[in-house]
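Next, two complexes with chain A in common: one pairs it with chain B, the other with chain C.
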Partner chain A sequence: MNTPNTLPYPQGNAFYSTLRKRYLTATIWQSLFLGSLLIAIIVLMALIYNVIDGAFGYIAYEYKNSPSEFTATAPNELTKEELLVILKDNLSRGAYNKLDEEQTMETRSQSDLLNLFFERLVRLDTKQTWSMTESLSKGAEIQAEVAEKYPDAVLEFRSWLTPQFLTAPMSSRAEFAGVRTAVLGSLWLVGIAIAFALPIGTGAAIYLQEYAPKNWFTSIVQTNINNLAGVPSIVYGMLGLAVFVRVMESFTSGAMFGVTDSNGRTILSAGLTMGILVLPLIIINAQEAIKAVPDSLRQAAFGVGATRWQTIWHHVLPNALPGIMTGSILALSRALGETAPLIVVGASTFISLDPDGPFSKFTALPIQIYQWTTRAQSEFHAIAASAIIVLLILLLTLNATAILLRNRFQRRW
Partner chain B sequence: MENTNYAIETNNLSIHYGNFTAVKGVNMKVERQKITAIIGPSGCGKSTLLRAFNRMNDFVPSCHVTGELLLDNQNLYGKNVDPVEVRRKIGMVFQKPNPFPKSIYENIAWGARINGFKGKMDELVEQSLRSAALWDEVKDKLQQSAYALSGGQQQRLCIARTIAIQPEIILMDEPASALDPISTLRIEELMQELKKNYTILIVTHNMQQAARASDYTAMMMIDDQRAGGVIEFDDTKAIFTRPKDKRTEDYVTGRFG
Partner chain C sequence: MKEEVIHLKSLEAQSFRHFDLKKKLRISESIIQGLLFFAGILSIFVTIAIVYELGKEAMLFFALPDVTFAKFFGTTKWQPGIGQYGIWALVSATLTTSTIAMLISLPLGLASAIYLSEYASPRLRSILKPILEILAGIPTVVYGYFALLFVTPILKSFLGEDLSVYNMLSAGLVMGIMILPLISSMSEDALSAVPRALREGAYAMGATKLETSLQVVLPAALSGIGAAVIIGISRAVGETMIVAVAAGAGPNFSFNPLEAAETMTGHIARISGGDLSYNSIDYNSLFAIALMLFLVTLVLNLISQWVVNKFREQYE
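== the complex of A and B ==
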């Protein structure tokens, strides 16, 4: 080449050696990034494995009383009426009345009653449970162990996550406990939280982005909103306890609306607390979405004589909506998984009654999981694992719904 | 109709950003149904001045205007004047085509609807698109996205959108700067058509465009305090053939700028 080499750049072999070094650096960084991704994947896999490991496995149990002591037919084939009679005849009057008080016996389903039959009369007694890994890898040893230790026990491979687990209410016996009450509680909770926080958060974001003058006051407000997003959730729980449970008790207990059998520890208090917890999250996301709407669009609207409100309503909001929805998806996930504020606000740890309105007592999935993991018996750990799977599926379903909704709104031109 | 020939006048109009004066002491009388071009080097305040005509600068928080802007003897910066009304009377076409992310039809109908148009919308859309020389190209795809149009078509759609609200004056802020020469030419031809009914005020950095397309030209330049001002305002022909100001001469002959 004839180009003059006047500037001190490496030439020829020197150039190729620097180039090799540059490629080497690039390769090192690329593998580090790949490594980070692999670590993240491994951690997630471990999490999922851990949960699934707990939710399936061998269980060894004995019947305290044989089903044949109560009925000649196979228990599964008993009708609702037959079960009612058996329960009434064999349970003590006090126990029967207590159950009847929780939920009128006649209105319970056949599978509910069948559960009661096994729980209260046959008295299934779990001797031991094993995790999925143990069950699969040491099946023979477990069988031998059971045969030796509990000669009368039945050993079976059980999936703790069953349709019945989803539909059954809470029970003091892990084998019969279900998450229906908790799932419904969680849905109510998230519903109230989003219904409260989405309009308020979006409104606040619109005001901050489109109306508020840029001065020291708004910048203080802005900084505080950003900081509030990082406040520990237990602090929101304390706030909810003080404000919603105590100060606003006549509202949150429903006394104002004629509900008498309740105090402030209702699903409404918890929902509002969650709403406040996710409010900064929604405001920040909505602000970002509104900021991303190009200014040229606002100018176009103003240019044809639109008022500020017409510009916001017809152009800024529709274009920011997908982003606002993304924010509410994040908020929803957060509200569904929070545990600490619910404990403070007063979630019931044992409740078998479905929530039937904003003034009900309630429990939620994370509370249930927390409760079960603190129990000593291993069968409760198994249903905790199952409840975690339910929580994850619920989370995915709600998020998928929100994403579908978002895509519907998002009409690309 | 006023009996004066002027559509809009400025009286010692100055535009300030905080303590900084961006445009100083502009006195212009813009003639009706003519095209008036504002030219000058980058950063001399051409766009700032143009945006003052329909109070678009109101959205810049630190910006304030002194002096008078007179439309039909009313100061548009007076206390009782609503900027929405000003923009209803004085439409604007922007530098980059900015159609709404809606259908072609809706781009025109929206402005009319929010301003309370009571006539037949289909007719208005057709008439506006015809006036903007766009009808034949889009008549079969009115419900399609405005974003599917080419840059030049989008800009003509923006002009149609402005015409649809029937302003008295149309402001154009370098309307062809983002377009290719053929689209530019079509916009210029369109301007000649539009001046039969509208007063047009256009900012351009393209001197040939000003010379070709405008009837009057205002030359802007910044002074030693970096404040822009109109240094010469005359017949376009006069500005380009026998400028009175030495700086204008240097600029239009390409010796500077």
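== the complex of A and C ==
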């Protein structure tokens, strides 16, 4: 053996055993890396399962009064007119007038009235609810339990997420509550936010990419935008409370325009707060989109004598538009799910009236989810789960649109 | 520039006078540029407004004869209504939940990033990545629901009565899952930015994939990963809905994750969600907390940007 054995490297069999050890370590670590990803995926599936599990399941309820006390026909077959008469006869004058004030009784739909019939007259009383898993796996036990504990109760498998859940207004009873007011409030909110933030954000991005000189001031503006994107949303809420709700109250409450019945806690205040919140996101995304437009396009436009704005308007913007739209949709979905600033700005928790303009009081889908989740009764958790499904479907649709847009119009230069 | 001037002068000399090649003042162009400039600097005004408004109301709070910095930072009971101003009652919960969140999201996020960037085939990546993006897109209030109604009951079946219904542990764990995609995607960007030549050099020396990833690629991407971690901490500190739903309602100076306690953000959400009259001490105290939150996250974000710029390894 001429090989000098002074090298610190293992030789012969020792070499192979070290190699095996190294490979073993590598395999173990690789499975750990993959494992972390799997944990994330499992949690996501658990979350989705948890939400769906909550939205369906057995419910045991009793009627305080039997429907037959009010009508001879089956309640579901009652016409609108018959329901109106029944409600008028059996509700106290005060209660009826209050309902009438919220929305004229005659203009309500049959299903709305039927709900009122069950809510106010028959007085459905939920005893207990079960999750989907419990209902499916322990159906017989639940039936036995109900028969023993609540002999008068009706047990049925209920989907809390129904078409009626989407169209019914708020109610203090989980069984009759719906998300219509909340969904409308959310739509108003993101509408105002995007109407405010999209033009300003795109303008800012154009300025920074196309006009701004490279100096210390521009770099401060840029750093500032990056920082604003990282400010906690609740701080934006405090800003909205101080500026839009209080300082600009006469504008945001509509007092300036002759609206008298509100304070500053309106959709407008919340929408503007949301707009400020998503502004940095829109700017950053629009900047990326504008950056991706190749310089040759600009130079060609300048070359034929276009002014700077003509170049931007006719050449840069049309090519950057898909990117800007994608960014705005993502900002929109951020605004749709944001809860904390709305709480601070003062979303009302109980509103049964549809929002009818920028100066009305409002509630929003995430606010309802928060409210219902923090209630103690399990039937509210069930409608919170249903509302989450509605919210997630909305978000999924938005994001799918964004991805489609990106794939459809994405260009490689 | 100079050449251009000379060129123009020579044109003039040749008496091409009817070509006026001077830059014309175009009114509409200037107006548009002015509007765009205004849009560009609006964000500066937003920052100024945040600092001014939060600062103004917070000053009203600190100007109260009863409130001293010593009390604010030195005591551990928070109830402004009856003269207790110890911010630590809220900070302790923020620290506890954020620490748990980082303990979850840092290892998991980093490991996911290494797998996605170094191991996964493009096909597998195109499946796994959207899943993390979905996780990142779920509203935090939904995570709150998940923490309160799924994670807490499961933890309770292990820990029994020691765990209160509202607790910092489940809020922190779920917050960790929420931050995981952020850490993972930022770290992955940093890892993929490391040039291929470095990996190939390591392979040529006989390193295994793991040795290459951990001893060559990871150190080269450390600045980006550091930035990701700092941004993650800033997100955890500012996160509101998960803690508002699942961590408890009521200040409690405690670092025990099994107990209920209220974070700074959770406190702001709860108090401002109730009936709050302007210019009351509660109202002003919220702005003091919000100002602290803003400053903490601002500093963290600035550090993260500084880390990226300062420690970035420049290749090419």
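Following the convention adopted for this analysis, the second predicted complex is superposed on the first by the 357 of 413 C-alpha atoms of A that agree within 3 Å, B and C clash if a C-alpha of one lies under 4 Å from a C-alpha of the other, contacts with A are read in each partner's own complex, and residues count from 1 in each chain.
Here, a residue touches a chain if its C-beta (ideal position, glycine included) is under 8 Å from a C-beta of that chain, and two chains touch if they have at least 3 such contacts.
All of these numbers come straight from a predicted model, not from anything done at the bench.
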**Report entry** First (chain B), second (chain C), both or neither touched by A:213
**Finding:** first
Query raised in the report: First (chain B), second (chain C), both or neither: which does A:338 touch?
Result: second
Query raised in the report: So, A:280: does it touch chain B (first), chain C (second), both, or neither?
Result: second
Query raised in the report: Which holds for A:319: it touches chain B only (first), chain C only (second), both, or neither?
Result: first
Requested in this report: Please determine whether it is chain B or chain C that touches the greater number of chain A residues.
Outcome: C
Report task. Determine, under the contact definition given at the top, whether A:304 touches first (chain B), second (chain C), both, or neither. Result -> first
Report task. Go through the superposed model and pick first if A:392 touches only chain B, second if only chain C, both, or neither. Result -> second
Report summary line: Check: chain A residues flagged as touching chain B and also chain C 307
Report summary line: So, in the complex, the side of chain C touching chain A is made of residues 26, 28-29, 32-33, 35-44, 46-47, 49-50, 53-54, 57, 107-109, 111-112, 114-116, 119, 128, 131-132, 134-135, 137-146, 148-150, 177, 180-181, 184, 208-211, 214, 231, 234-235, 237-241, 244-245, 265, 268-269, 272-273, 278, 286-287, 290, 293-294, 297-298, 300-302, 305
Report summary line: Seen from chain B, its contact residues with chain A in the complex are 54, 56, 59, 61, 84-85, 87-88, 91-94, 96, 98-103, 110-111, 114-115, 145-147, 158, 161-162, 164-165
Report summary line: Per the touch rule above, chain A residues touching chain C in the complex are 22-23, 25-26, 29-30, 32-37, 39-41, 43-44, 46-47, 50-51, 54, 199-204, 206-208, 211-212, 220-221, 223-228, 230-235, 237-239, 241-243, 246, 276, 279-280, 283, 307-309, 333, 336-340, 343-344, 346, 349, 366, 369-370, 373-374, 381, 384-385, 388, 391-392, 395, 399
Query - In the complex with chain B, residue positions of chain A that touch it - result: 213-214, 294, 296-307, 310, 314-315, 319, 413
